[in-house]
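Following are the structures in question.
Paired with subunit B in one complex and with subunit C in the other, subunit A is shared by the two complexes that follow.
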Partner chain A sequence: MDGIYRPGWVGRALGWGTALYLVLPLFIILPVSVTDQRFLSLPHEGISLRHYAALFAAPDWFASIAQSFWIACASTVLAVGTGTLFAIACWRLNRRSTELLRALMLLPLIVPSIVYAIGLYRYFGWWDLLDRFAGVVIAHGVTGIPYVVITVSTALASFDPRLEQAARGMGASLRQVLAWVILPRIMPGIVSGAIFAFIHSWDELVIVLFIASRDVFTLPRRIWDGINENQDPIMAAVAVLLIGFTTLLLVVDMALRRKRDT
Partner chain B sequence: MSATLGTGSLELRGLAKRYGEFVAVQGADLMIAAGSFLTLLGPSGSGKTTILMMIAGFTEPTAGRLLLGGGDITALPPEKRAFGMVFQGYALFPHMTVAENVAFPLRVRGIGRAARDTRVRATLDLVQLSGFADRRPAQLSGGQQQRVALARALVFDPALLLLDEPLSALDKKLRAELQEELRALHRRVGRTFINVTHDQEEALSLSDEVAVLNHGRIVQKGAPAMLYEHPRTRFVAGFLGKSNFLHGVVQGDGTVQCGPWRLHHAAPPAPGTAVLLSLRPEKIALGQAGDNAIEGRVLSSAYLGAGHAVVLDTPIGPIRVHQPAWRAAVDPAIGTTISMAWAADAATIVEDDDAPG
Partner chain C sequence: MRRGDMAARLRRDGGWWALLLPAFLLLSVFYITPILQVLAISFTEPEPGLGNYQRIATNLSVQRVIWTTLRICTITTALALMLGYGLAYAITLASEQARRWWLLCVLVPLWISVLVRAFAWVTLLRRQGLINQTLQGAGIIAEPLQLVWNEFGIIVGMVHYMVPYAVLPMLAAMREIEPRLLAAARGLGASRGQVFRQVFFPLSAPGLVAAGVLVFIFSLGFYITPAILGGGRTLMVAEWISLQILDLIRWGLGTMMATLLVVTILVTLAVFSRVVNMRRLFGGA
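Right, the complex of A and B next:
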């Protein structure tokens, strides 16, 4: 942009300081993951990839990664399906009550997840959903809905309602309008929401600690236990892979946003 | 589908729309012949767009009926009416190419790809956009987007084409060009076109018939020349072009006493009647003789290329005159006193409603 004020040194320092503050904890993981020691520490004599090798040789870590992945996928589908339909319904009805409902849907973001987890523990106990794949999927799906509602509502806010009028005027039924006009227009918002819902499930720990124990053992759970029990640097290797994976998802999200904006 | 709705003649019977206390449209009666080009003309807030939206089916009338080819369509939802419509700002689908946009109404009707492609190509030819099928709307100029919107509205051969201020977003030169094209298009496709605009020039040049609206009421309807030459009210005369308004009283000898003058009028009403005369600026000749001749001092004079727009001060207030600049009889220099004249049949008697906004 031309004609805007250039940042002064205070602004620059603040900007870089904030960026460092955000990424430094991530970068410490990288050297730790290539340590030559047997416990979580920085490399002493040289770097080694033995913990990455150990990770790929450990079936229980792999099982947890697979389990986390499938849980994240299923809960993303749940969150995207319900969240998108909800956002569209609120947008179409657009009454005071829908504003209230929308705020209600954001509750999982506001209520501390430990409180949420305690509540879920009770209900899941009654419904025999504790330590079940379906239970974790439902819990993660429901807590992932707010992300989808926010991103899809934002996408809908910039949707030109005359496009729907135009489509109707040309004879399109509600289903055709939805499938051919509204959904394609808000697809970037849906994908964004899906990515956030996926990441949410992928690194969720607190709820899993409450409602799962042995049969469902997600990746964050295994990292947690690993840190508590044996300080194995294999966790750092897992963390690096997770960071890489998450970064990849965010890059995809950014690319989609750019595509939508042009 | 549209064919089953009968021909494109449309009738509005007492069509009204109220929003709480506010009356947007009060009892509009209108008969639009199949194949004609009608323009709803009025200032903003006159109810013209509300009428169009009621015809399209997007706005539900509070009272009245809509008849298409004699059949009642008042209760039909817009997707069942399926009139072609060009929206203000065009409302093209940004995520589709030009061809996909134009194919949309056909896709909705489940027409196969091959038939669809043929029709789309023919319609794009019709609006002279053949080379643009694979572009996106954002890559087109305003005039081209307008043509895509037209193609999309015509491709499914609707009984009626509705145009909501279709040219308002374009610059003046392009607007003139597209007016001509729209007119030619109307002749070629032979469908009923209903246009909404606040631009009187556009209304006059495009339409077979114009309905002038003010405050939610149709004030007058007729062919452009009829409306311009014989405005029924002061509002119509003032909104369709410019006019001078002279108050007067008809005398025993049939002249109209207007200030110090006795003016001759071609068809005066009974003596004693108070009348309002509407006199077009271009019907007054400067420095020439005529049935009615008066003098005035030039207050202002603007040179417009083709002519002069002159305002003269007279005992009954300022009078506007337009005269051709080429071989003008007098030079309307500011401050000079010159004579002006008009024929007895130049002025029209109009009803005094409110002045145009």
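Right, the complex of A and C next:
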């Protein structure tokens, strides 16, 4: 709408105000994380990186970061593998029944995670998956599928189905069509889906609160305990690193999208 | 002939159906089943029947948590829609260059950990927090204000979480409005207010409704932000359910509320699916 019609002062003020409300509270953590004090506050006499040093020296924080990272990687593989094939099959078959299946696949976005978490709490008890790495990977993988289905379906929407038919007509097998024709063309959508599935698992807390207790203690779980129990500025250092990490992933995603669109 | 057709079709499509299977099995075994089990428990424990559901009419604690949740969600939705509308309006009318920055303001908070955001608000709002210290240091207030661990804190944090979800569907609707229409209305002598009220707002209304539905259903089952910023004093449905299951071991009551929550959300979606294109809401972002 390049400048054909400009917003008035009310619209502009509301827009700016809202943007500041969204972004400013996140920036406030940065000065707090470099405080020279022992409690959460702004720096008094000078800035100090002691809380970052403390974070990297603390074995329990480090163990949680590593655990969260591996869980997120494994559940991303699970979600991307199954979700991509699912989205491609729905797109190719394109029936009323597959439309319904696709809607069903989006359920984890709609049903609150507390409901799923209490369900799993009892269900995993039978499968002996409580407090297990595999249990958390399965739970995060299943709830990550919708993100992959959405991004891959969006990528497929601009893919000409005749390319697939032509390849099949010339004798390519299903596997060859997938590997050489479809997957390369929708790779940006798959990577987007992987990024979102990764962030989903990396940040997920509600399910973990119910199905993990001691052996599996992810980063969000440790932050949760930290918020509720102490006012250690290490928390601010963790928060800054998390914000940086998420922003980095988003910038990668935006760059990929721009590449795809041009 | 027909049978031959079917066999050929199956041979052609069978492979594709097989590709559906892994995700479908995973979802059925590890998602749908545990959730159906939650629904079932609400009718079977502590004894079979509708006993848990009768508590809605008789139990004061149940009624209070439902009422609190609906009140907070309604206020949150209204505020998130108002702020989000302003932001979406500014983004829609911005130049291509500026729009990228505006969008980043929406997308970065959307994807930053909900815990980190709640933590930021606690740092700002608590008794010795930055806002109270600043205000006291400036001599504006003598006593620290009670900004968190109450409904006010919950709403501040929830609106902050929900504004991006409100912006995205509204933005999708607003982007389809032809900007030359607005310029034309202005050129024909309408005031800014008239252009907004009579042209822009009616055209953006479907997006507003979609955003409202989305924010409301997301707010209903929200757990982390209300739990941290409410400090256990103001209970919303999700935290109440967790309390029933983990601390009081009352599975019947907890699963009853969970069922009620899911049914409310699905009914809301069904009612509005005529007005709102759900596929676009979840599939086209």
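Here, the second predicted complex is superposed on the first by the 244 of 262 C-alpha atoms of A that agree within 3 Å, B and C clash if a C-alpha of one lies under 4 Å from a C-alpha of the other, contacts with A are read in each partner's own complex, and residues count from 1 in each chain.
Following the convention adopted for this analysis, contacts are C-beta pairs under 8 Å (C-beta built on N, C-alpha and C of every residue); 3 or more make two chains touch, one makes a residue touch a chain.
Computed from a predicted model, the values in this text were never measured in an experiment.
When both complexes are superposed on subunit A, subunit B and subunit C fit side by side without a clash.
When the two complexes are overlaid on their common chain A, residue A:184 makes contact with subunit B while staying clear of subunit C.
Once chain A of one complex is fitted onto chain A of the other, the partner contacts of A:6 are limited to subunit C, with no touch recorded for subunit B. Of the two partner chains placed by superposition, A:147 touches none, neither subunit B nor subunit C.
By the document's definition of touching, neither partner reaches A:61: not subunit B, not subunit C. Once the two complexes are overlaid on the shared chain, A:163 sits against subunit B while remaining clear of subunit C.
Contacts of A:171 after superposition: subunit B is touched, whereas subunit C is not reached. Comparing subunit B with subunit C, the partner in contact with more residues of subunit A is C. By the touch criterion defined above, A:198 lies against neither subunit B nor subunit C after alignment on the C-alpha atoms of chain A. Superposition on chain A places subunit B within reach of subunit C only down to 9 Å, the least C-alpha distance between them. Residues of subunit A that lie in the contact sets of both subunit B and subunit C are absent, per the superposition on chain A.
On the subunit A side of its complex with subunit B, the touching residues are 160, 162-163, 165-173, 176, 180-181, 184-185. Residues 1-8, 11-19, 21-23, 25-26, 28-29, 32, 40-42, 78, 81-83, 85-86, 88-90, 92-93, 98, 101, 103-116, 118-123, 138-139, 141-143, 145-146, 149-150, 153-154, 174, 199, 202-203, 205-206, 209-210, 220, 223-224, 227-228, 235-236, 239, 242-243, 246-247, 249-250 of subunit A are the ones that touch subunit C when the two sit in their complex.
Only residues 1, 56-58, 77-85, 87, 89, 91, 93-95, 104-105, 107-109, 152-153, 156 of subunit B touch subunit A when the two sit together in their complex.
Of all residues in subunit C, only 13, 15-17, 19-20, 22-24, 26-27, 30-35, 37-38, 41, 82-87, 89-96, 102, 104-109, 111-124, 128, 130, 133, 160, 163-164, 179-180, 182-183, 186, 192, 195-196, 217, 220-224, 228, 238, 241-242, 245-246, 251, 254-255, 258, 261-262, 265-266, 269, 278-279, 282-285 touch subunit A in the complex they form.
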